[in-house]
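Next come two complexes built around subunit A: one with subunit B, the other with subunit C.
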Partner chain A sequence: MLIAAAFATLPALSLFALLFGRRAWSHAVVYLGCLGASLCLLAGGLVHLGGHPGAAPTLVLPFGLPWVEAHFRLDNLSALFMVIVDLSAAAASAFGIAYGSHVPEPRRVTPFFPLFLFGMNGVLVADDAFMFLVAWEFMSLASWALVLADHTRAENRKAAMVYLTMAGFGTFCLLPCFGLMAGPGGDYTFAAMRVHELAPTAGFLVVLLVLLGAGSKAGLVPLHAWLPLAHPAAPSHVSALMSGVMTKVALYGLIRVLFDLHGEVGWQWGAAMMVVGGVTAVLGVLYAVLQDDLKVLLAYSTVENIGVAVIGLGLALAFKDSGEPALAALALVAGLYHALNHSIFKSLLFLGTGAILTATGEKSLNALGGLLNRMPWTGAAFLVGAAAISALPPLNGFVSEWLIFQSLFQGPSLPHWAMKFGVPVVGALLALAAALAAACFVRAYGVAFLGRPRSEAARGAVEVPAVMRLTLVVLAALCVLLGAMPVVVTDSLSGVIAPLIGVHFPVSADLGWPWLSPVGATRGSYSGTVLVMVGALMFGAAILAVHGLGVRTLRRAAAWDCGHVEDNPASQYTGDSFAQPLRRVFAATPFRARETVEMPEPGDLGPARHTVHLIDPVWQGLYVSLGRLVDAIADQVNRLQFLTVRRYLLMMFATLVLLLLVVAVRQP
Partner chain B sequence: MNAAVLQLVQIVLVVALAPLVTGWVRLVKSRLNGRRGASPFQPYRDIYRLLQKEAIVAHSASWVFRAAPYVTFAAVWLAASVIPTFSTDLALAPAADLIALVALLAIARFWTALAGMDVGTAFGGIGASREMLIASLAEPAMLMVSFSLSLIAGTTAPVKIVGFVLSGGVGLDVSMGLALAAMVMVSIAENGRIPIDNPATHLELTMVHEAMVLEYSGRHLAMMEGAAMVRLTLFMALIGCLFAPWGMAQAGGGVDGILVGMGAFLARTFVLATALAVFETAIAKMRVFRYADFLGGALLLGLLATIFLYVSEAV
Partner chain C sequence: MEQHQALSYDVAHLIGATVLMAGFGLLYQRRLFAVLNTFAFQALALAAAAAWQARIQDAPHLYATAAIALVFKALAVPFALHWLVEKLGIHRTVETALSIGWTMIVGVALVALSILLVLPVTAGAAALTRESLALAMSVVLLGLLMMITRHNAVTQVVGFMALENGLLLAAVSAKGMPLVVEISIAFSVLVAMTLFGIFFFRIRERFDTLDLHYLETYRGDRH
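The block that comes next holds the complex of A and B.
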């Protein structure tokens, strides 16, 4: 009931924004309404997960296509993703109350923001293919409009174009995917798809199409190209939702089809997803570490995290098909845990970037610096987010990566040689991604928040309004909480995956409450709770001992810097200089990174120039060549426009004969 | 003896012993260089002296700079207390396995690198940037070692690996050998020893770890130095317990077992410390962009260790 009311509120808010958009106060009202609606949906999801874990209430409404009614269903998986979506949605709405008035044209944002939330939640509760796709398109088109909110900038228009193309491609793949699952009977409800047995070819195509369709929305390499263009173009609170949450809705689509509707996916697909996930993770973070624009950096890091979650999903598929349900449960829990974590810390980081934009108007790393002293709250919250995304204990990002490593380490128990050899390689890729993510966020945080300000805007930054600060602090607290109490989370996730895998996941089976020992006590365990407590004690002991044994005086002085202090803040390390060793070692081959240095002649007082050339292999190799191919084909086809009537008639005749032949041959 | 008591003993032991290990390495290196060298107890005096000095903090530094020494030290200390040194009967042992151990050390690195960038000088940035490069090569290698050990022993918990090795689970194994080689290379990198980094360098452009802590003084520097010393002891204990845990006390071993375990731990540590000093004296530091060859080699050794396991299973 509450959920239905919240659903109805969202389109109403959108209408309200259209009608009253001229009034300045209307934007705050819309965001407040969205905050209320997403809190209701969040509560609904949590109550469902906690209260009726087994139940799956359904609802049939008499609209939609004439012969298909609109089916809705809320099961555990939907409820979990509802929690993921609406947690970040609530944060973004609350942030929007203050931030919404900072965007250039708020009237281009507020009508679409509620619709975007409506679409994402709609995908989660849809129980037939028609409603699923309608809601999916609501989500895509509303976010497309939000990407175009600042339409005066040419790069945003390009981003929106690429995004629209990719979104179209995604739905174009999902459409036949659901068609194949419905089969010749044409029953588009998910209930019918669950019982429908797929032929091997159709089953193969379904998996391929859903990987392309949902994978392009999630940002799997090589379908990630739109993500770093579109996510940064939207206003920051929308970027938070697109990056933190919309990619999770895509993961939901993947899980719904692969684990629930399809049912019988072979382990080969699991292996393939695992490898794609590993490559996505490493390439995503490698792109991210080279970026100067903070929002582009965060968007690429989303690509990485989606890759990490997909490794978990792929492993789960492989274990499930090989008759290892307990390990499949572990891998799936790990993947879902990572999805939940990523939605929280990525929202936190994007909203933090929004706060930086509010305070300075800059999102380029090389124009920032020294913000921690000027924005202590934002700085502290961003630090928690950066540590969480770098998978540092005791925060949440580490727990999910630990679980994924634990399930990867069980991979060699599978009978297939492809998995035996693939698993160590993917493990190395995952470890590389985690280490590079730490480098990426040390760089981002160190350049933006530490050091000395690199521009006047950064020097004059002031802390953002209380609503924004509060949102950031709440998200940061969640990062700590979900990391320090991992067993609580894995217990509720265990209820979510039980219907998909068929077994309950024994989280703390052998050691009891605060210890996470997924594969049994002897195979390795972790306890965030204990580490936090002991770590805090040791931290306190270190401080007490040092202050007890020594002197407590502290003097502020000029930086030492080996004696050659340089007042010019340009003498600091910049983001580009920080990335240089990583670029030389890792990016030389995949991105063909080249550096040129132009030194002025001796005696010439002009500046020396250092230029970096990077080639995006995916964009150049795939998209640009694809574009050329389409152009070339179009040129050829274009000739058909200038034929004589006689030739057109001949072509029609030939087509007719061909079709008749096909019919004759296929006649039994 | 009670696991909690042994845990407390270990927590104190790693911190108390760490300066001596560093002092011993320095002494052996001086002797090999033909110098007399300072007493192995000199690091204790150094740290005490630093504690008596006032701490100087740059105007531009934030609270991260002041918190980092304590966070770094606490993270390394915590990591060092969960590795079995003289006994496997530790109360905290199940709180962190090898993967969590890598991550605990990553906390220390994350904060040290941030502290290096906090003052806003070029040297701090150089150090932080190179440290993160080393980490991004060393961490995967370390996890590959954990992977092959977890395949051999069936667990990622160091305590359980010790039990497995002591029960005669592995003989002279090619995979163990490769994992050991990879582990040693990673340890050299993680501790900033020659050939990756020179802990005694006075040339700023070649510094990595020293460049990050260049701005520290007084008690903050004492904490940073202390963390580096504990980290060195930690890696010696880790190599010892994973590859040569002989003599380590097991649960229910009584006081005798613990005394033997303590003696074995001290012997292992000083043998490894001497070996480190000899190795460092015999080799020259390498260029920054050759780190990738060195640590990439460690990663490949780790991978090979896993592959060899399959091969030996199949044969």
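The block that comes next holds the complex of A and C.
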């Protein structure tokens, strides 16, 4: 009831924004409404998970196509993703109350924001293919309009165009995917798809199509090209949702099809997903570490984290098909935990970037610096997010990556030799990605918040309004909380996935609360709770010792300048110089990174120039050559426009004769 | 009775084959007036086929079809085209895109194709209908072939009319084709004929020729 009311509110808010968009106060009202609606949906999801986890209330409404009714259903998986989506949605709405008036044209953002939330939640509760795709398109188109909000800049228009193309491609793949699952009977409800047995070829195509369709929305390499263009183009609170949440809706689509609707997916697909996930993770973070624009960096980091979660999903598929339900449950719990964590810290980081944008108007790392002193709240919250996404204990990112590693270490128990040898390779890729992610966020945080300001805008930054600060602090607290209470999360997650895998797997069985011991007490255990408590204790003791016994006066002095009296902030470590070693080691081959140095002649007073050339292998290799191919084919086909009358007749004649020949040959 | 059946079958077959032969004749002619005469002969054979079908099927309305074919297709259309050719002073050689020898070979292949196709497909139908359908389809394909291998607009129109003759042949051989359909086909052909005539005049006024080459080079997107 609550959920239905919240659903009905969102389109109404959009209409309200359309009608009263001229008034300045209307934007705050709309975001406030969105906050209320998403809190209601969040509460609904939590109540469902906590109150009656096994139940799956359904609702059939008489609209949609004349012969298809609209089916809705709220089961465990939907409720879990509803929590993921609406947690970040609430944060983004709250942030939007203050931030919404800072975007260039608020009237181009406010009407679509509730629709975006509506679409994402609609995907989660849809129980037939028709409603699923309608909601999916709602989500895509609303977010497309939001990407286009700042339409005066050419790169945003290009981003929106690429995004629209990729969204169309994704839905184009999902459509036949559901068609195949519905079978010749044409019953598009998910209930019918669950019982429908798929032929081998159809089953193969379904998995391939859903990987292409949902994978393009999630940003799996090589379908990620739109993501780093489109996510940064939208206003920051929308970027937070697109990056933190919309990719999770795509993961929901993957899980729904692969674990629920499609009966049996072979372990080979699990292996393929793990490879794709590993490559996505490494390439995503390699891109990220080279970026100068903070929002683009975060978008690429989303690509990496989706790769990590997909590794978990692929491993779960492989274990499930190999008759190891307990390990499958572990891998799926790890993947979902990571999805939940990523939605929170990615929202936190994007909203933090929004705060930086509000304060300075800059999002280029080379124009920031020294913000920690000027924006202590934002800086502290951003630090928590950066530490969490770098998978540092005791924060939440560590727990989920640790769990994924724990399940990867069980890979050799799979019966197939390819997996026995392949899983450690994926593990190595994941380790590399995790290390690079840490480097990436050390760089991002260090360059943006530490050191001296690199521009006037950064020097004049002031802390953002209280609503924004509060949002950031709440998200940062969630990062700590989810890291400190991992057992609570894993227990509820294993309840969520029990219907999908078939077993209820307690991750903390051996040692009991509060220890996570997925594969036995001796093989590895972790307790965030104990770690946080011990850490807090020691931290408190250290502070007490330092402040109680040490000097109380605060002394500010000039930083040691190595003997150079140089007051130019550009002489600090910059983002580019920090990334240089990584670029030389890792990016030389995949991105063909080349550095050229132009030294002025002796006596010439001009500056030396150091330029870096990078080539995006996926964009150049796949998209550009695909575009060329399409152009070439179009040129060939275009000739058909200029034939003579007789040639047209000849073509008709030839087609007719050919078809007749086919009939003549094929008849018995 | 048996004998009567066999005779009616043979005669129908003979007339149908005559229509087909006339189709080949159309492809073989090198002079425009000879093409028109052959076309008139084909239409005459078609009228005979319709009349014969009317007799053996006991379907008096087919006599009306035969009369329409005789009046319009065997007399009116050839005379009108004849008049047009003289009036416009059209070049009276048939200009071919494919040499006549090759055209004939392709035509024979098309006839073989339609026989191969129609006979097995219509295995359940009466023998009379099957043979006639194969012949009719051959005539249709030959008409199309004529349209694509000839440059001159008049020969293209004749090809179109020959194609339509094939359709009519198929229609009269199948039992139960309503008269209304045949009359409407006949009238539509006549209307098409009138339109073609008007267009001939217009094209001629503009380009001084009916060779379609000139029409093609005149389109706006070509220079």
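Operating definition for what follows: the second predicted complex is superposed on the first by the 627 of 668 C-alpha atoms of A that agree within 3 Å, B and C clash if a C-alpha of one lies under 4 Å from a C-alpha of the other, contacts with A are read in each partner's own complex, and residues count from 1 in each chain.
Basically, contacts are C-beta pairs under 8 Å (C-beta built on N, C-alpha and C of every residue); 3 or more make two chains touch, one makes a residue touch a chain.
Here the structure is a predicted model, which means the values were calculated and not measured.
In the superposition on chain A, A:P424 contacts subunit B only, with no contact to subunit C. In the superposition on chain A, A:F642 makes contact with subunit C only, not with subunit B. Shared-chain residue A:A664: touches subunit C; no touch with subunit B. Looking at the shared chain after the overlay, A:F653 reaches subunit C, while subunit B stays out of its contact range. Once the two structures are overlaid, the count of subunit A residues touched is higher for B than for its counterpart among subunit B and subunit C.
In the superposed model, A:A632 makes contact with neither subunit B nor subunit C. When the two structures are aligned on the shared chain, A:A12 is found in touch with neither subunit B nor subunit C.
Judged by the touch definition given at the top, the superposed model places A:I543 against subunit B, while subunit C stays out of reach. Residues of subunit C that touch subunit A in their complex: 97, 110, 113-114, 116-117, 120-121, 141, 144-145, 147-148, 151, 212-213, 215-216, 221-222.
Note for the complex: subunit B touches subunit A at residues 11, 48, 50-64, 66, 70-71, 73-75, 77-78, 81, 92, 94-100, 103-104, 106-107, 109-110, 113-114, 116-126, 128-130, 132-133, 135-140, 142-144, 146-147, 150-151, 154-157, 160, 204, 214-215, 217-219, 222-223, 288-289, 291-292, 299, 302-303, 306-307, 310.
Only residues 369-370, 372-373, 379, 383, 387, 390-393, 398, 402, 405-406, 408-409, 412, 420-421, 424-425, 427-428, 431-432, 434-436, 438-439, 442-443, 445-447, 449-452, 511, 515, 517, 521-527, 530-531, 534-535, 538-539, 542-543, 546-547, 549-551, 553-562, 565-566, 569, 571-573, 577-582, 584-586 of subunit A touch subunit B when the two sit together in their complex. Subunit A contributes residues 641-642, 644-646, 649-650, 652-653, 656-657, 660-661, 663-664, 667-668 to its touches with subunit C in the complex.
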